[in-house]
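Same chain, two partners: subunit A is paired with subunit B first, then with subunit C.
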Partner chain A sequence: MSGTTREEGLLRALGRALRAPVPPERKGWFAFGWSCLALLLVLGTTGALLSIYYLPAPGAASESVRFLMREVAWGWLVRGLHRWGSTLLLVFATLQLLRVFLAGRYRGGRAGNWVLGVLLLLLSVGLAFTGELLAWDARSSALAAAALSGTESIPIVGPALAHWMRGGAEIGTATLARAHAAHALILPWLAFLLLALNLWLLARRRARREA
Partner chain B sequence: MIVVLARGTESGEAEAVLERLRADGLEGRLVRAGSRSLIHVLRGPSRRARRLSSDARVVAIVPTSGPRVRREGRRFYPYHALRMGAGGLVLLGLLVGLAGFFPPLAGSEPGALAAPSRALWPWYLAPLRGLYELLPADPAWLAPGAALFLFGLVLVLPVLDRTRGQDGRARAPVLAAGLLLLGAFAALGALALGGSS
Partner chain C sequence: MRADPGEVAASAWIAVLPREASEELLARLGEDLRQRGWAADASRGEEQAILAVEGPRDAAALRAVLPGDLEADVFPLLEAAEYRRLRQRRRFLSALVAGLSLLIAVGLAWPLVGFLEPPPRTILAPDWMHVPAADRLQVGEAVRTQVRGKSIWVVRLAAARWHALSAACTYFDECLLEWDRERREFLCPCHGCAFDAHGNVVHAPASIPLVAREVELREGAVFVRRAL
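Coming up: the complex of A and B.
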């Protein structure tokens, strides 16, 4: 297929998707599902802006956050949008799952979407929690200590998992580096993959129904 | 949308109206209904068809919203796309308002590790914290095991719920169990947050 033909094909497919009627029972998706997508966009954008000023080192992390809040123009707003965005994402993702549960839309071939939705909510909790640690002030380092102590109590895998998360015997540079890697790279990519898989499952289901 | 032509409109004139629609980027088909000719607009920006209202050959323009639209739903563009855009703007406004009126703290000085207290736990981990407080510390696996069990229960819900259709009576036990679980989560959260104040 030549480039031009492929482009025409893509445009035609996009046009078809835009013109396609949305079944009335799926209107509810636009309330919470769309809000979650929009919030993920806000979080991705503000997260990228915050990463310009953030320094992931125990001595410099809290200083860089204070610098961002007090010295950088609109820095307080970007951080505020990021923080409240993550809070609202947890609220909307929970409401979306609750809506799916009450409507029974996890049955009839939709089990994959339900599992992915629950995992996405769990990832959102992970993202919010690792984000709390990044300020690395007295509160976040105490929170890291408490979370690691809780992780250690998990039988069999707990101690090894806590040791890996801590990055050694003591909480320090490695712990913050792991929290930063999880928050800025690993968990967002995982969330992106799960989201893409979720949307693909929805599109495949719709295509099968229309066929 | 249906464009209704005047009685006695010749087929050549009807074709001319159809051609005018095509020139405006609309696709339609000619339908004969007794002595009357109709044009069913199939594709294209239907608002442009309203330009025909000044045409002497056109008697009426009938929107096709109704039972079919209610059954099949409205098109994504422009109806839902506009709603989504408006919803996105409202959401952004809400976020800016929250960020402006309740800005995050600038962060305290890094210092010695503070003793972990219940107050430091974020709200979304409150149910988990409540579970840890409610269950005895010994054996150590009890609380994390219970948390994993509850999470697994939510995850495998489609396997556990074998009901079909929207029959409320058949789904009642599942709904009751789900709402009970949700209530338990809320109570555990309240327990953790109440204890920290």
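Coming up: the complex of A and C.
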């Protein structure tokens, strides 16, 4: 009954949403959002596990990744899940936002969810980018150089922003440390907060509709 | 729907209550129905309140729970056979999803616990590079690899002896040496220089021996020092 839904917690609301019947004509579309949620769970878990073996310092970083892949039991699996999960997340998050956009479902009290969705996609891109840097191999340094020169070309704030991201005048230890902090702590917690807010808005909407 | 409500042993029912039915009454009814082990869901429309109930054997069983003074209409939602079919399908699908989830959880738990187990080789010295291809070499074989962007040869000279030497010819360093297994020498395809397995010159025009790198054997793994 509807009387209890207003006070229920996030987990209960989530369980309710999982059990709720889906309109048959929109069955397939629901997969995108749920896939994003499941992938975020996978990425959080595997990311925490990877941090056990990863060393965020030039000279040690790429060696620790190699060590993880070759010496650590199932290291290849955990890293593979994390890598491919992040790629899939970008795909599903884009499809989800496209669906919302094309169906006009950003209107009518859903504006909050739409804004949060866009911010979450941007955060995912930021996480994918910083994650790519952490391997600290030739690919990473090329990516960092390209991204930083792109940032630098932004009018007025560009140079300061690039300097801030680089952590100094040149790409080096500070850059990697910053990328690591952003990837492992700052951006994930930000994403977690936005996601919780997003789910809370959805649960509240559902509760109001049922009441 | 398909037959008179009294005759069909339907298991899912719709009770249409007058608009006057209060929120508290609906809540209490839902509680009463659930206590009997039935599933109940209430919704309020413009003209009336609707109670959907799963479980009662017949209309009388449902009516017995509703207050006598309430003018409720009771309709069968699904015939018994249809209801059972749908319920079975739902149960089957739920069990399938739960089973597959459990399978995935168990399948992942094993690798994840293994992942936490500290690996046998805990060295993680950035100065030493493990050359896995060198671990598997037969005596007399050599493998070429890269250290800090420079090509080197790692050659296995004896059962427990490996050598690591620069792979660039000292006469003209654009030329990469080839390992000749029969002669146990490094040959240069450009000017015909030759070096022995220790890097000493055995054939001119080169005059400088090859640069050697430190090699260490740790628990069966060959490590080459990155720094010269």
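Quick note on the criterion: the second predicted complex is superposed on the first by the 180 of 211 C-alpha atoms of A that agree within 3 Å, B and C clash if a C-alpha of one lies under 4 Å from a C-alpha of the other, contacts with A are read in each partner's own complex, and residues count from 1 in each chain.
Everything below uses one rule, namely that a contact is a pair of C-beta atoms (placed from the backbone, for glycine too) under 8 Å apart; a residue touches a chain by one contact, two chains touch by 3 or more.
Bear in mind the structure is a predicted one, so any value in this text is a computation, not a measurement.
**Student:** Subunit A superposed: clash or fit between subunit B and subunit C?
**Tutor:** Clash.
**Student:** Would you sort A:L49 into first (subunit B), second (subunit C), both or neither based on which partner it touches?
**Tutor:** In the superposition, A:L49 touches subunit C alone.
**Student:** Between subunit C and subunit B, which one touches more residues of subunit A when both complexes sit on the common chain A?
**Tutor:** Higher number of touched subunit A residues: B.
**Student:** Taking the superposition on A as described, I'd like to know which of subunit B and subunit C A:S149 touches: first, second, both or neither.
**Tutor:** Only subunit B is touched by A:S149; subunit C is not.
**Student:** Using the superposition on chain A described above, determine whether A:G59 touches subunit B (first), subunit C (second), both, or neither.
**Tutor:** A:G59 sits against subunit B and subunit C alike.
**Student:** Taking the superposition as given, does A:V115 touch the first partner, subunit B, the second, subunit C, both, or neither?
**Tutor:** first
**Student:** Just to be sure I read the superposition right, which of the two partners does A:L77 touch: subunit B = first, subunit C = second, or both, or neither?
**Tutor:** Once the two structures are laid over each other on A, A:L77 reaches both partners.
**Student:** Tell me the contact category for A:V125 with respect to subunit B and subunit C: first, second, both or neither.
**Tutor:** Touch status of A:V125: first partner only.
**Student:** Touch check for A:G168: first (subunit B), second (subunit C), both, or neither?
**Tutor:** Neither: A:G168 stays clear of subunit B and subunit C.
**Student:** Can you tell which stretch of subunit C bumps into subunit B once we superpose, 60-68, 168-176, 186-194 or 204-212?
**Tutor:** Clashing stretch of subunit C against subunit B: 60-68.
**Student:** Which subunit A residues are contacted by subunit C in one complex and by subunit B in the other?
**Tutor:** 59, 66, 70, 77
**Student:** In their shared complex, at which residues does subunit A touch subunit C?
**Tutor:** 1-3, 49, 52, 55, 59-60, 63-64, 66-67, 70-75, 77-78, 210
**Student:** Could you please specify the touching residues of subunit B with respect to subunit A in the complex?
**Tutor:** Where subunit B meets subunit A, its residues are 43, 69-77, 79-81, 83-84, 87-88, 91-92, 94-96, 98-100, 102-104, 106-117, 120-122, 124-125, 132, 140-141, 143-145, 151, 154-155, 157-159, 161, 163-164, 166, 171, 174-175, 178, 182.
**Student:** Spell out the part of subunit A that touches subunit B in their complex, as residue ranges.
**Tutor:** 17-24, 26-27, 30-31, 34-35, 38-39, 42, 58-59, 61-62, 65-66, 69-70, 76-77, 79-81, 83-85, 88, 90, 98, 101-102, 104, 106-108, 110-111, 114-115, 118-119, 122, 125, 128-129, 132, 135-139, 141-143, 145-146, 149-150, 153-155, 158, 171
**Student:** Contact residues on subunit C for subunit A in the complex?
**Tutor:** 23, 26-27, 30, 40-43, 111-112, 114-117, 119-121, 124, 126, 129-130, 132
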